[in-house]
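Multiple structures are listed underneath, in structure tokens.
Each of the two complexes below includes chain A, the first together with chain B, the second together with chain C.
Let's look at the complex of A and B:
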């Protein structure tokens, strides 16, 4: 089969589609999936320091405790949550009767995701939050 | 249908099924991973605890599965995104080659880290 050239760019074409819940879920799933795949490479590379002994590993972990990496870790959790929760929705649509309630499922799952994101933010920055409010009490 | 454009006759249905199955595994593994890593800084990020985990045969088996399925799920996902584009054969082969070679390289790096202890 010969595929006709549309003359339109891929991104222009995707942008032109009318997007409802599923369309946005699709875009979120792709972007977070690409980011997580890039991250797993970094993660495997970073943990290979374990074989170089305690000092090298501890120095690396000290680096990851810096505020910039804490913020990045929090953002990473947002990608993980979006991908995991939307992945549950995809499995329900493909293997269950999810197509009947996938819009509601997406809304509820994303609400769970936002709550989990904020709770994780409290855990990651609990030290800073306690310091910020220490002056008020 | 982009997959016909570069000459593949595979529909990708096995990849589709395995993507779901590995995804379901990764949901549970990821929840456990996050609880373990963030329960306290000690459990996740100290050298002694990490080495102790990698020295345990069951943890080792878990991490080998985790590395293998995580990488496969990610790279199969990247490939499924690329298949949406109308790639010329040379480009498809090049990108597929990069995915396979880099995937194997990082799999070997991860597995050799896990098996080091």
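Let's look at the complex of A and C:
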């Protein structure tokens, strides 16, 4: 008797299998985890300009004040939020009774996350927001 | 109603690659998926192969992937899948595939060899070391309650084959075997707790469970498998400290 695997790869299975809260939370956790790991490297690399003296570092800091970097920073905060908040959920599942209310926990934590994300957006872009509304006030 | 069944077909002995074949059938919303599979096999295409036995959700032999999700073909009505209108012709087909990631014997019949190996690995039987008492080894109702849910498992493999950790790692014990480990580790009569804890305390044991809940979603017996795995994780941590 011949037996064969279908050769459906891992990613195809992940993509095609019907996902509910747990599946999406897991995917968000992987993506944000990878993004944060990548960020750590970028961060260390960016700090390495410190070895090139004050001017070089100040120039770099000025670059980070540009709107594009502000948006990126805001995005970074989103990843931090997603990873931390879902991390709380996983701890509840593994060491509490989270398996019984993990869907609700995910919903509430993500609502908290979205609010925190918007508030942070206000702080990051407060300068731009004030400018935009300056004419109206 | 008219509905199309899009069924995974593959005979490793003759086919180079799997393919999907469409069957148009007249069905009732209250038909089970397995009823329609029988109809197709008996009336349209005798070469279609699938496994089933009890037809009542007890033997665990007809686990398959239906519309993207693992379930028992005998325990799901077409109306549960959203096909509810008797007079309608549904455009969206019902996709029937074998349990994901499993080796295929033919069509929807998969090879359970690995699944049983993992099941055997956790020693799925009562182990005692003390001499047997005069009569049977008694349990209190509370003792039974602790392992009641875990005892309901019918070993259909819907959970293990739905788990992304299984897909990425052939050696992962998987939810069904871990649930069985729980069933004996938390059995008040069993005396091989440490032995079994050692077996599941590996990177291919409980620690590969990333709490994705696919298993819970899939289990036809509605067992909260992830909760049982979390109890095992807790027990292992307690053992360390």
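Keep this in mind: the second predicted complex is superposed on the first by the 131 of 137 C-alpha atoms of A that agree within 3 Å, B and C clash if a C-alpha of one lies under 4 Å from a C-alpha of the other, contacts with A are read in each partner's own complex, and residues count from 1 in each chain.
Note that a contact is a pair of C-beta atoms (placed from the backbone, for glycine too) under 8 Å apart; a residue touches a chain by one contact, two chains touch by 3 or more.
Owing to the predicted nature of the structure, the values given are computational and were not obtained by experimental measurement.
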Contact-wise, after the overlay, does A:95 reach chain B, chain C, both or neither (first, second, both, neither)? both
Considering only touches as defined above, state whether A:50 meets chain B (first), chain C (second), both or neither. first
Partner chain in contact with A:37 - chain B first, chain C second, else both or neither: first
Contacts of A:17 with chain B and chain C, given as first, second, both or neither: second
So in the superposed three-chain picture, is A:26 touching just chain B, just chain C, both, or none of them (first/second/both/neither)? second
Classify the contacts of A:127 with the two partner chains as first (chain B alone), second (chain C alone), both, or neither. neither
If I apply the document's touch criterion, which positions on chain A are contacted by chain B in one structure and by chain C in the other? 1, 3, 10, 90, 94-95
Residues of chain C touching chain A in their complex? 10, 12-13, 18, 65, 67-69, 98, 100-105, 111, 162, 164, 167-168, 210-214, 216-217, 224, 226-227, 230, 233-234, 237
For a test of understanding, state which residues of chain A touch chain B in their complex under the given definition. 1, 3, 10, 30, 33-34, 36-37, 40-41, 44-45, 47-48, 50-51, 54, 57-58, 61, 64, 77, 80, 84, 87-88, 90-91, 94-95, 120, 123
Which of the residues in chain A end up touching chain C in this complex? 1-6, 8, 10, 13-14, 16-23, 25-26, 90, 93-95, 97-100, 102
Within their complex, state which residues of chain B touch chain A. 1-2, 4-5, 20, 23-24, 26-27, 30, 34, 38, 45-48, 50-51, 54, 67, 70-71, 74-75, 77-78, 81, 84-86, 102, 106, 109-110, 112-113, 116-117
